[in-house]
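Here chain A shows up in two complexes: once beside chain B, once beside chain C.
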Partner chain A sequence: MKWSRIKTISTKEWLEIWRDKLYLAMAFLIPVIMMVVLGFGMSMDVEKIPFVAIDYDKTEQSRDYLHNFSDSRYFDYQGMAANEKQAESMMDQNKIRFILIIPPGFQEKLQAGKKVQSQSLIDGLFTYQSKVVKGYVLAINANYNQQLLQNWFAKKQGMKPSDISAMLSPVSLETRYLYNEQMSSLWSTGSGMIMLVMLMAPALLTALGVVREKESGSIFNIYASTVTRTEFILGKLLPYIAISFLNLLVLTWMALVLFGVPFKGDPVLYLVASVLFVSCATGIGLFVSILVKTQASAALITLLGTMIPGMMFSGLLMPVSSMDTPAKIEAHLLPGMYELNIVWGSFLKGQGWSDLWGNMAILALYSMVLWGLAIWKFKKRVAS
Partner chain B sequence: MRLWWLRVFALTQKELLQFSRDMILVVAVAWFFIGEVYVAGSGVKMELINAPVVIMDHDRSEASRDWASQLKAPYYKVLGYVNSQQEAYDLLDKGEVIAIFDIPADFEKRLLLGQKTSIQLELDASNIIIGNLANSYSSLMNAEFNQKWMLKTMKIVDAETIQAPMVELRQKIYYNPEGKATWFMPISEMMTVITLLALFLPAAMIVREKERGTIEQLTVAPLTPFQILFPKILAVEIIILLGVAVSVLGVVGAVFQVPFRGSLILFFFVTMVYIYAVSGLGLFIASVSRNLGQALMVSFMVLMPMMLLSGAWTPKEAMPEFQQYLVVLSPLSYYIDMGYSIILKGATIQLIWWPLLQLFALGSILFWLGLIQFNRQLK
Partner chain C sequence: MSLIIEVNKLCKCYKNIEAIKSVSLSIKPGEIYGLIGPDGSGKSSLMKVIAGVLSYKSGQLNVFGQRVDSEASAEIIKAKIGFMPQGLGLNLYPELSIDENINFFADLRDVPLAEREERKALLMTMMQLTDFRHRAMKNLSGGMKQKLGLICTLIHKPELVILDEPTTGVDPVSRRDFWQILSYMVRHEKMTALVSTSYMDEAERFHTLSLFYQGKILAQGEPDQILDSIQGWVALVHSQALFVCVQALSTQFTQVNIFGKAIRVVAYDISREDFEHQLKSILARCPKSHYQIESIDLEDAFIGLLRPKNKDQTVKPALDATKPNSIFDTNTLMIEAQNLTRQFGTFTAVDQVSFSVQSGQIFGLLGANGAGKSTVIKMLTGLLKPSKGKGQVSGADLNSSGQKIKENIGYMSQSFSLYADLTVVENLKLYGQIYAVPKKKLAKRIQWALQMGTLEQETHTLVGSLPMGLRQRLALGCALLHEPKVLFLDEPTSGIDPIGRQQFWTILVTLAKQSGVAILITTHYMSEAEHCDQLALMQAGKVIAQGSPTNLRQQVSDALGDVISMKVNQPYAALELLKKAHYDKAFLFGKRVHLFSSQVAQTQKKVLALLHQQAIEVLDVQHLPPTLEDVFVHFLESNKIQPTANLKPKESSSL
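For the complex of A and B:
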C-alpha cells in the first residue's frame, strides 16, 4: 500500500467531483436542505389543532365550557358549525381535526346539579396526534369538572375551596421534562436529524461515485493499473469522507444556531464520533456500490438501506426499548441507533466518554467491517 | 394512427424488458412494495409500548403501592424500585428507563389526613413523541387514582350515584376508532414508495439513454419526442401500478386488515394520475441534467421536501407557517389527501374531482416543460 497512489486516486476523484458543478453543489446542498425541511417539517408538536364546535345550548355556561378549549394553546378554534353534517364534511376535507358538541340543556342540567354529556369527535387519521389530542381534551374537561365541583360544594356544603380540591384530587402529578425542558420538537427531532441526514447523504454520494465508474466503464482503467484494491477504495473514499465531515459540521452548526439546540456534552467526543459515523455511512454506500451495476439501482438500494431504517429503526420516532423483537434486532444491526445515542447524549443529555464509548466502539467496528467487506468483495476483474 | 400507437407500445415493451433485465432493481422495487410497507406497518408504532420505568418509592405504603400498581402493560414496563436519586439518574442517562416516578415519604399519611400531596415524574424528553405520550397517559392514570381515592373517602360505591354537576365527555375517534398504527403507517409508506419510484425510474431511464448514446438511435428513428418520452412514462405506470396492486391488496388489505371504504377503481385511477404527475417531474429533471449522478441527486433533493411537505409524516397544521403555503406545490400532498380519503373515509369522485384535476394539470405542465427542454437538446 503506497500513500502516493492513494493520494493520486483521491485527487482524481476530487477533480471529478469539482468539475461536475451541479453534483458538487448537490453534495453540499442536499444535506442542508434536508436538515431544514426535516427539522422543521417533522414536527411532533401537537399544537394549534384546528377544531369547530357545535353548540346546541348557546348559553353562558356552554360558552364558558367552549372557552376552556378555544383559549388553550393546543387548539385553534375555527368557529361554530351549524350541525354535525357540516362539521363532518370539514373533517372529511382535512380542514379540522376535532369537533366538540355541546348538547341542549347543558346549562340547565349543570345548574340543577346533574350530569350532562358532551361529545368530542376526533380525526383518527394520524394515530399519534389523535392520541395526544384525546389526552388534551380529557384533561381540559377534567379541569372544568373540578371547577364545577368546587363551586358546587362550596355553595352547597360551605366547604373551603382548598379542602375540596384536596378531596377531589389529593395526588397531583408534577412532570419534569429532562434533557428537553421545553418539550421542543426542534431539540428532539431537529438534532436527531443530524443522524438521519448524515446517514443518507454520504451513503448516496459514495454509492453514486463508485458505480459511476462502473457504468461509464472508466473502472477498466483502474483494473488495468498498478493500484491495489485497498488503495483504490481508500483513495476513492477520502474525498467523500472529507465532504461529509464538512457537511456534518454545517449541520451541527445549524442545529445549534437555527434550531437553538443546546450542546451539553464533550465537543471532542462528538467530533471523534462524527468521523466514525461518517466513515460508517460512506462504508454503506461503498458496500452497495460493490453489489450493483447501475447508478439507478445504487441510488434506490442506498435509500432503501438508509432512509427508512434511519427513520424507523433508530429510535428517532419510537424508542428502541418499545419495539418488538424483530424490529429491535434490526435497530441493533444498523448504525443509526448508536449515532442517535451519541447525538442526543452530546446535545441534550451532556454525556461523556464513560457513557458513550460503547456506542463509539460499535461505530468504529461497523465501519471497519463495511470497509473490509467492500475491499474483499471488490474484484479487479470483470465477472464473466 | 395505428402505427403511431404501435410505435408507442413497441417502445414501452422495450422499457419494460430493459427494466426486467436489471434483476437487482426488480428485487429492490418488489422489496419496496412488499417488505418496506410491511415493516413500516408492523414494526413502528408511535405509541407508548412497554416503556421502561422505575419507581422511587420513599413511602413503601399500601397507598403508594396502589398508585404504582397502575403502571402496567401495554404502556409501561416497571423494571423495579430504586432507592437513590443517583441510581435513578444513571438509568435515565444510559437510556435504560424513560421515566422515574418519585413518590414522597409522607404520601399515605397526607392522603389519610385529607391533604394534598404530589408525585414527581422525571421524564426523558429527548424523544418528544414518547415524552408527550408518557406525560398524557400518566396524568390520566393519576386522575383515575384520584377518583378512586375520592370515592373511597366519601364511601361511595358507585360513581354514578354522586349528585353533583359534571360534564361527562364521550369521545369518538373517526376513521380509525381503535387508533391502530397499522392502518396509517403502511399506507403512508406505500405512498412514499410510489413517489420515490415514479420520480427515479423515468429520470434514470432517460438519462441512461443520453449517457450511453442510445438516444441517438431513437432520434433517427421515425419517432416524435413525445413518442420517445411517453412510453417511458407508460412503462413506469405499469411497473408501479403492479406494485401498488400487490401492496394494497396483499399487504395493506390482507395482512393489516385495513378496511377499504372507498372504490378500489377510483383509488387506482387517482394513483395513475399521481404517477403521471410525478413522472412528469422526473422527466423534467432528466431533461435538464447531464448525467445520472446529477439526475439522481436532483431528484433526491426534490423528493425530500416533497415528502415532508405532504403531510405524510406530520399533519399540515403542525408545520411552521411558511411551510404551510408550500404544501400546495407538493403533488404528494394532493395524493395523500385523496388517497386517505378514499381508503379510510370512503370518498367518492364528487368529493375529490377538483384536487384530481389540479394534479393532472400539474403533471401535464411538467411533462410539457420536459418535452420542450428535451426537444431543444435534440436539435
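For the complex of A and C:
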C-alpha cells in the first residue's frame, strides 16, 4: 500500500467535488436542509390544535366553560361557529381539528343541579393526534367539573378552596420527566436527527461518487492501472469521510443552538464516536456502489436502505425495547440504534465511556466489516 | 521476435450474449495493429480483455508472455500497458485542468516528479496543448480531448498502448495529427499499439489489422493482403440516362449504387477482363455512357466478405426506370438557409451558415462532433430559434412558422428515438398518430414503411431486440409516415456496419431520386459523403467549403496535386528522409508513404531516386486522387481555422 497513490486519488476526488458546484452544494447543503426540515417537521408535539366552538347557550356559564379550552396552550381558538354545518365544513377543509358544542340551557340546567351534556367532535384521521386531543378534552372537562364542585362546596359549606381540593382528590400525583425535562420533542428528535441525517447523507454522497466513475468510464483508469483495491477505496473514501465529519459538526452545532438541545455528556467521546459512525455510513454507500452500475439506482437504494431503517428501526420514533421481536432483531443488526444511543446518551443523558463504549465498539466493527466487504467485492478485472 | 500479444480461441459472454466468438490474433513488437468493425462487433470487449480489466470465458491470452487468466495475473502486466477506453474524453475528469489530469495519471502510475514534468512538457508540446494547460477539460474541443487522453495514456511510457476508437467523431486535422503522433511514439519509444476504429478508411493506417463482425474476425493481415485476397472491382459509370443505366446494370450486378451523378458498380470473384466485358455489353444499351475501373476499397472488401451470408437479406427498392423521374420539379427550393447564426451565451455554435437544397437533392453536412451540425438541423426543423439570419423550409419561414415546419418535415435524430419496449408495428402506429396521419391512410403507410425497410418479417418483434441496422430503417420509416417532402437526418449511420449503411443509402437515394424528397443529412464518416449531391464542410460553426464531392476534390487537386502512394520496406526511414528533403506534405499510412504533388511524374522520379540512394526499397507505387479527408484538411488549413478553442458551456456533469 502506497500512501502517495492514496493521496493522489483523494486529491483528485476533492478537486472534483470542490469544482463541481452542484455536487459541492449537495455535499454541504443537503444535510443542513434535511436537519431543518426533518427536525422541525418530525416534531410529535400535539399543541395549538385549531378548533371552533358552537355555543347554543350564550350565557355567562357557557362562556366560562369555553374559556377553559381557549385559554389552554394545547388549543388554538378559531372563533365561534353559528351551527354544526358551518363548523363541519371547516373541518372538511382541514381548517380545524376539533369542534366544541355547548347545548342550549347549559347554564340553566347546571344552576338547577341537573346534568348537562356538551359535545366534542374530533378529526379522527390522525389517530395518534386524535387520542391526544381526546385526552386533553377529557382533562379540561374534568378540571371544570372539579371547579364547579369546589365552588359549590365553598358556597354551601364555607370551606377554604384548598381544603376542598384536599378532600376531593386526596392523592395528588407528581410527574417529572427525565432526560427531556421540558418534554420538548425538539430535544429528542432534533438531536436524534443527527443520527438519521448522518446515516443518509454520507452514504448517498459516497455511493454517487463511486458510481459516477463507473458511469463515465473513468473507473477504467483505475482498473487498468497498478493501484491496488485497498488504495483506491481508501483514497476514494477519505474526502467523503472528511466532508461528512465536518457536516456532523455543523449539525451538532445546529442541534445545540437552533434546537436548543443541552449537551450533558463527554465531547471527546462524542467526537470519536462520530468518526466511527461517519465511516460506517460511508461504508454503506461504498458497499451499495460496488453492487450497482448507475447513479439513479445507487441513489434509490442508498436512500431507501438508510432512511427507512434509520427512522423505523433505530428507536427514533419508537423505543427499541417496545418493538416486537423481528423488529428488535432488525434494529440490533443496523447501525442507527447504536449511534442514537450515543447521541442521546451524550446530549440528554450525560452518559460517559463506561455506558457507551459497547455502542462504539459495534460501530467500529460495523465499519470494518463494510469496508472489508467493499474491498473484497471490488474487482479490477470485471465480468461486464 | 517474441510476440507482445497472443490471443488464442478467446470467447467472451455477457450473460447469454456472445460478444467474442473464438477469436485468435497475435501482435508483434512495434506494430500498429488495427481492429476494424461496426459497433457491437466485439472490438471493445477484446481490448478490455487484453488490458486485463475484463474477464473472459474460454481461450488463452498471453500479454508480454504472461498468461492472463485472473485478477492477480492481470495486475502483473498493467504497469506496462496504457489503456484508453472508448468515448472521447469520457475517462478524463471534466472539472480538472489539462495539467491536473496529466498529473493524476502520472501519480497513479508512480512516475517520479522530475520525470513527470519532463515528459509532460514533451508530450504537451508535441500535441500543441501547452498554451491550454490550465483550461478545464470540460472546455476542450473534441480534438483536444483526444490528445489529452493520449497524453494521459502515454505518461508512464507504456510498452503497449490500447486505444479504443480514439478517432471517432474527431475533426480530420486532429485525426491526422493523432496518427502522426502515434507513429512517432511507436517508433521512438519502441511501443506497440492496438487501436480500434469504426472508420473503414482508416485501415491503411495500420500495419496489420483484423476485420471484426458480430464477434468474429472476418479477415486478418496487412491491408493490402486483405484487399488482394478478395478479387473484386469497382466501376464508376457516368451516363446521361442515369436511371436507365442503373436498371440495366442491376440485372447483372448485385451492388449498384448511385453516388451523386455517378453509378458505382462493384463485382466480386471475377477477373478484370471479364468484368470489363460484362460492363461494356450492358452499357452498349445506355446512351452516352463511359466508365472507369478501380480496385475495391476495404469497405467493399468487408461487404464482399459478408456477402455469402447475407444473400437473401439485401434491400431491393432499386429504382424503377419505367417511372419517369420528372414527377417532381427539381428546381423547387425546399431548404434555404441565409446567414443562419446561433449563439449560446457568448459561444457562437453556428456562424453565418448559408446553403440551399432542392427537391430530389441529397445535401450532406460534414464535420466533427461539436462543429455545429446538429444546431443547424435544430434551427431548420424549428426546434431552435436562430439568433440571426433567416431561412425557409418548404415555403415556411424559420423565424415565424415553427409549427408549420414541423408538419412538413421528417426528422430522424441521432439516437433514433424509438420505443424499445414496443414492437415494430406499435412504434409505427404511435408515430403515425403523433404525425396525425388519417387512420385509413395509416395502414397503407405502415405497409409501405415495412416494405421499404425490409421489416416484414419483424412486425411483432420488440424494437429493443432488433439489430442496429433494422432499427435505423424503422426510424426512417417512422419519419416518413406522413409523406414529408423534406427529410432531416442527424448522424443516422453512426456505428452501423457497412452493409447496413449501404442498404440505408440505397433507400435514401431512391427517396430523393424517385420521390423527389429533399434530404439533409449530417455525418462524420468522410466515406459517406460520396453519396451526396452537395456537401458543406463545417468546422467551429462555420461552413468552410461547399460544392459537389467531385468539385471539391478537383479544387484540392488543382491546388495541391494528386497523391503518390509508395509502399516501402522501411516506412519510418523513408518518411524522415522525405521530410529532410522538404517534402512537408508527406504522411505515413501503415507501410505506405503518401506525398502530395502537382507534378506527379517529376516528383515521383526525384523521390524514387532519393529513396534508392538510401537503399530503401519501394515495393509499389500508386497514384490516388485526394480523399475527402484531404479535402477537409486542405480547406481547414487554407481558412486558417484552428479546431481548438471550444468554450461551449457543455452539459453539466451528470448527477
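We adopt the following convention: the second predicted complex is superposed on the first by the 370 of 384 C-alpha atoms of A that agree within 3 Å, B and C clash if a C-alpha of one lies under 4 Å from a C-alpha of the other, contacts with A are read in each partner's own complex, and residues count from 1 in each chain.
As a convention for this text, a residue touches a chain if its C-beta (ideal position, glycine included) is under 8 Å from a C-beta of that chain, and two chains touch if they have at least 3 such contacts.
All of these numbers come straight from a predicted model, not from anything done at the bench.
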item: When chain B and chain C are modelled together on chain A, clash or fit; value: clash
item: First (chain B), second (chain C), both or neither touched by A:S216; value: both
item: Contacts of A:D123 with chain B and chain C, given as first, second, both or neither; value: first
item: Partner touching more residues of chain A, whether chain B or chain C; value: B
item: Touched partner set for A:L208, first chain B, second chain C, both or neither; value: both
item: Contacts of A:L148 with chain B and chain C, given as first, second, both or neither; value: first
item: Which of chain B and chain C A:F313 touches, first, second, both or neither; value: first
item: Touched partner set for A:G79, first chain B, second chain C, both or neither; value: neither
item: Partner chain(s) touched by A:D20 [first = chain B, second = chain C, both, neither]; value: both
item: Touched partner set for A:Q295, first chain B, second chain C, both or neither; value: both
item: Which superposed partner A:G158 touches (first chain B, second chain C, both, neither); value: neither
item: Overlap of the chain B and chain C footprints on chain A, listed as residue numbers; value: 20, 22-23, 26, 208, 212, 215-216, 295
item: Sites on chain A touched by chain C in the complex; value: 2, 4-5, 8-9, 12, 15-16, 19-20, 22-23, 26, 208, 212, 215-218, 220-227, 295, 379-384
item: Partner chain A, residues of chain C touching it in the complex; value: 14-15, 48, 51-55, 70-71, 74-75, 78-79, 81-83, 85-87, 90-93, 95-96, 100, 104-105, 107-110, 136, 152, 652-655
item: For the chain B and chain A complex, residues of the former touching the latter; value: 22, 24-25, 28-29, 31-32, 36, 39-40, 42-52, 67, 92-96, 98, 110-111, 114-133, 135-140, 142-143, 145-146, 149-150, 153-154, 163-177, 179-181, 183-185, 189, 196-197, 200-201, 204, 208, 211, 289-294, 296-298, 300-301, 304-305, 308-309, 311, 313-320, 323, 337, 340-341, 344-345, 347, 351
